[in-house]
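Each of the next two complexes has subunit A plus one other chain: subunit B in the first, subunit C in the second.
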Partner chain A sequence: MLPIIHWNLISLEVLMTIILVMLVLLDIFLPKDVRDDWIGTLSFIFLFGLILFWIDQRDIRGVTFNKMFVMDSLAWFFKGFFLVVMVFIFAMTRQYFKSLGQRRNEFYLLLWLALIGLCFIASSADFLLMFIAIEILTISLYVLTAYLKSDKLSIEAGMKYLILGSLASGFFLYGMSLLYGVTRSTGFEMIQSFVNTHAMTPLSLFAVVLIFAAVAFKIAAVPFHMWVPDVYQGAPTPVTALLSVGSKAAGFLILIRLFFGIFAGWHPQWSLVLAILSAITMTYGNLVAIYQTNIKRLLGYSSIAHAGFLLMGASAGSMLGAAAINFYLLGYLFTNLAAFLVIVLFSAETHRDEIEDYAGLSKRSGILAFSLLLSLVSLAGIPPLAGFFGKFTLLMAVVNRGYIWLALVAAVNIVISLYYYLMIVKRIYVDLPINASPIAVSLSMRLILGIAIFGIVTIGIFQGPFLDAALTAVKGMYLFHL
Partner chain B sequence: MIKNMPSFCFYLFAALLILASLSVILARNPLYNVLALVVAIFSLSSLFVLLEAFFVGIVLLLVYAGAVLVLFLFVVMCLELQSISLSSAQQGRLRLLGILAGVLFSSSFFWAIQSFIKANTLGASSIRGTIETIGKILFTDYLLPFELTSFLLLIAIFGIVSLAQGALSTGKEELPS
Partner chain C sequence: MIPLGAYLLLSGLVFSIGIIGVVTSRQVIKVLLSLELLLAACNLSFVTFSKFNGDYTGQLIVFFVILVAAAEVAIGLAIVVLMYRHLSTLQADELRTMKW
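And now, the complex of A and B:
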């Protein structure tokens, strides 16, 4: 018998699919010289339309498709998150490919597919659906990473990401099938009721560890971080931005769904492991970042370090911890995307990504220098910007849990990260430029940069509503259990 | 004899599977590796048939032995990889580490499975692995994941179009050879 389908729950994804089909048709029928611009502009308009639709959906909650597809507060929160991320990514793509002079129509279509994958990850309440949603995201990212096929670094990055990503998918699938063998279900509700009534056995531990390994690959936590530096450096910059914000957020979303939801009954067994992993991850990321000379590579290691910070929230295993993850990701979105926007705009003019080229940026373009300054300082966690309050809530969560040592490790790491972030700031503002030609920034890009800066400052100063939103997202989560 | 037929078949195919898998990793000639993999897949699918999971058995044969491995064979034969000896990568510390990790992983996994079988309270699954049951489940309970796989195919098409077609841009850059 067919399950009853509540279409209003899944309407956002259906709309996205319709948009995708429309864009594919336009791609076929539009003349070649206007095609790329049209698809880019239309994508932008549709994204804003979808954001309006998403706001309209704020009260729609429920489960459908045989309890596989869930629209809860967490899914709603993250769908909005992904839509905003995509607005920035589309803006970057336009700018990035304009300077390269390459065709970009498939790039847009693949970005839409990645967005669909992200939204389905946010809504999946079944391991099978979750796996396919993750694959939709990851496989489109493989293609996007290798998109610049005349660039050897891009191809190398795509190849590395494909091989290691397939390994991670294998882990996920293996863990998922073992879990099915233990619980006889792929649905989250059934698995949760099994977890709550049964003790952890060696086989279920095996399954959980394998699934966690796959998620750790997504969020780039040590020891599953090996792909990060090369892929971040080689991929087209908009894709790097998507990997560092969208893909990472998706990983943490899965982490929250699994470890604050269905596996929460086995909480004592994994809390300490997560805490240790968190400490190792942030220390590794920050120490290696010091030696980087390429800014995309540096942000790669910095994103490993941030994965470590975010894991603190997961190890806390409390409602505050999960809310802190959500809140931190909100700040991280604007902060990191502002940094990547500057990188895109800078390399559009200079075609270089080395840190030494950023010398004297303040004399070449005031707005780029200021945006990069704000985002780096916010990444380092200096008040009153978004990064500071995010780190503060995460620290609060682990201290409440009793991991004082972890809070100390994090504090030391914040100091280490300050060093390399401020080294770039020194280069921008103190050093003399090698080439003093000014860098022009168009009005539309100024506007996008302005939005990002506005986000960084607003979240830093008026934390209240954002923290509320992060907390509500966790509280109303389907199968939330602590 | 007839009564013991299933378990006889099980041991036969299991032994074949182990032998074939060993020769996949031990044979020096890539061509033999691939052919051994075909045998391994065949015995694996026979095991699934013995478990009455007919659909999985057939899919294994069709997809892996039929499509993927033929592709492997083509690649191996077209690239003439026979001349490349794999022995250098198999030597030294890497080999020792590999064996250690393999033994550690498989023994702990074996232990986990053992303890699970001893404590299993759920009993055997009642689902038959025929094409009919799988078709029914796929189009009712698992409708959404099934439909979503179409996105995967779409990505594959876009990926091929964008990665495999001729020069992307003005045509002055060349593919790295």
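And now, the complex of A and C:
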């Protein structure tokens, strides 16, 4: 008997795949002189169409494909998240390759492939599907990282990312095989019922640790962070932005699905470990970030630090903790992407990413300086902005759990991070520019920057609806269990 | 009949050799080979569990893993070619333009 497949649940991914295939065909058959503009423009149009389609899907819930594919509130929330991320990434790509003059069509196609991988990660309810979705995402990211074929840094970053990323997926797969051996299944539902009825054995502990190691690689938590600075610095800036927001969010999505869902029955065993990892991660990221001279590398270390903050929510192991992760990621999306937009626009003019070049940016372009100021201040967590309330909810979750020491470590870290973020702000506003030529920002880029700033300020001031959205995403999660 | 433990030991051994290879090799090609060993170890353990659990999912997964491994090594070798052209070296420890 053939299982019944509910195609409406998977229609978003099917549409994306059709769009990808269509764009590949267009790339082959369109005449050379119009092709370059069309792929980018069409990508934008399709992306907005998909966002409308995603809004239309808000009430569709269910499990299909023999319980491999799930469409729940968490999947819906994160699919929208990834679509919005991609709007920014496509805008950056357009700007980035305008000044570079390389072929950019494959870049768009690979970004679409990465988006498909991200959406499948959001919807997977089986370790097999999850593994393949992660591989779709990471393999397209390897190619994107090494995309600047004649740039030494890009090749070096691609090689490093490929080696360490494959190592992480090896860990994931080995953990998955051991878990399969113990539980006799790869489906989340079967594994959860096994976890709820059996105590943890050394073998299953080993399997969970291996899987966690792979996830920690994705979110850039400390023992598995070595790739972050190099890859962030060497990769093309749109890819760095995708890694820092999309890939990290995917990692936390997996973390929520596994540790607030199927492994939640073993919660007492991993809560403290996550808390310690979180403290080490944020301290390391913030301390090393102080010494950076390259802005992409600095944001790499700051993204390690933010992984530490986000892990606080995971260690809390409560519904508030998971909701705080979702909410923080929403704020982080607009904040970090605004910063990367500024970096792209700045380097399009100057072709440099060193922090010293940002001296006197306020005199060269008011809008760039202001956007960077807002995003850095929000990353640091200063009150009326998105980053502040995100950190606040995370701290609240941790304090409720009883980890006062972790909240104190986080408070110290916020102060350290203020130091290096404000050093950049000082450079932008107080220092005198070396080269005072103004930087032009086109109208469309102003619009995108405006959306990002609007997001930062709105999430900071009207937290209510966003916090509600984050909470409903967790509440309606498939197999949610605490 | 060979017991389950023997197969698992072998797969664990291959996995450890793979990790040691990734960590200690200086040649990028050797690193890629070691990465393949990791996936091979996983495949062995999947097939073993599939046999001993009497469940076919494990053998099915192996096919997907082989596909993923092929894709990964294809990208890896492409980057190795780029590396050889532009950095004219295949030594992993010369990849250190970026530090700190």
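The rule is short, and it goes like this: the second predicted complex is superposed on the first by the 481 of 482 C-alpha atoms of A that agree within 3 Å, B and C clash if a C-alpha of one lies under 4 Å from a C-alpha of the other, contacts with A are read in each partner's own complex, and residues count from 1 in each chain.
Keep in mind that, in the parts below, contacts are C-beta pairs under 8 Å (C-beta built on N, C-alpha and C of every residue); 3 or more make two chains touch, one makes a residue touch a chain.
Small disclaimer: the values here were computed from a predicted structure and weren't measured.
**Student:** Output check: A:Phe65 vs subunit B and subunit C. Expected answer is one of first, second, both, neither. What do you get?
**Tutor:** Once the two structures are laid over each other on A, A:Phe65 reaches subunit B alone.
**Student:** With both complexes overlaid on chain A, does A:Ala348 touch subunit B (first), subunit C (second), both or neither?
**Tutor:** The answer is neither, since A:Ala348 touches no partner chain.
**Student:** Would you sort A:Ser166 into first (subunit B), second (subunit C), both or neither based on which partner it touches?
**Tutor:** second
**Student:** Regarding the shared-chain residue A:Tyr174, is it in contact with subunit B (first), subunit C (second), both, or neither?
**Tutor:** second
**Student:** Just subunit B (first), just subunit C (second), both, or neither: which does A:Leu311 touch?
**Tutor:** The answer is neither, since A:Leu311 touches no partner chain.
**Student:** Name the contact category of A:Ser150: first (subunit B only), second (subunit C only), both, or neither.
**Tutor:** both
**Student:** Is A:Ile139 in contact with subunit B, with subunit C, with both, or with neither (first, second, both, neither)?
**Tutor:** In the superposition, A:Ile139 touches subunit B and subunit C alike.
**Student:** Could you tell me if A:Leu128 is touching subunit B, subunit C, both of them or neither one (first, second, both, neither)?
**Tutor:** In the superposition, A:Leu128 touches subunit B and subunit C alike.
**Student:** I'd like to know which partner A:Gly234 touches here: subunit B for first, subunit C for second, both or neither.
**Tutor:** second
**Student:** Which subunit A residues come up in both lists, the one for subunit B and the one for subunit C?
**Tutor:** 128, 132, 135, 139, 142-143, 146, 149-150, 152, 155, 181, 184
**Student:** Enumerate the contact residues on subunit A facing subunit C in the complex.
**Tutor:** Against subunit C, subunit A makes touches at 128, 131-132, 135, 139, 142-143, 146, 149-150, 152-153, 155-160, 162-163, 166-167, 169-170, 173-174, 176-178, 180-181, 184-186, 229-230, 233-234, 288, 291, 297.
**Student:** If we count contacts the way the header does, which residues on subunit C are in touch with subunit A in the complex?
**Tutor:** Result: residues 8, 15, 18-19, 22, 28, 31, 35, 38-39, 41-42, 45-46, 48-49, 52-53, 55, 57-58, 61, 64-65, 68, 71-72, 75-76, 78-80, 82-83, 86-87, 92, 95, 97-98, 100 of subunit C touch subunit A.
**Student:** Once bound in the complex, which stretches of subunit B touch subunit A?
**Tutor:** Going through subunit B, the ones touching subunit A are 108-109, 111-113, 115-116, 119, 122, 125, 139-145, 148-149, 151-152, 154-156, 158-159, 161-163, 167-170, 173-176.
**Student:** Within their complex, state which residues of subunit A touch subunit B.
**Tutor:** By the definition above, subunit A touches subunit B via 1-3, 65-66, 68-69, 100-103, 106-107, 109-110, 113, 116-117, 120, 126, 128-129, 132-133, 135-136, 139-140, 142-143, 146-150, 152, 155, 181-182, 184, 201-203, 205-206.
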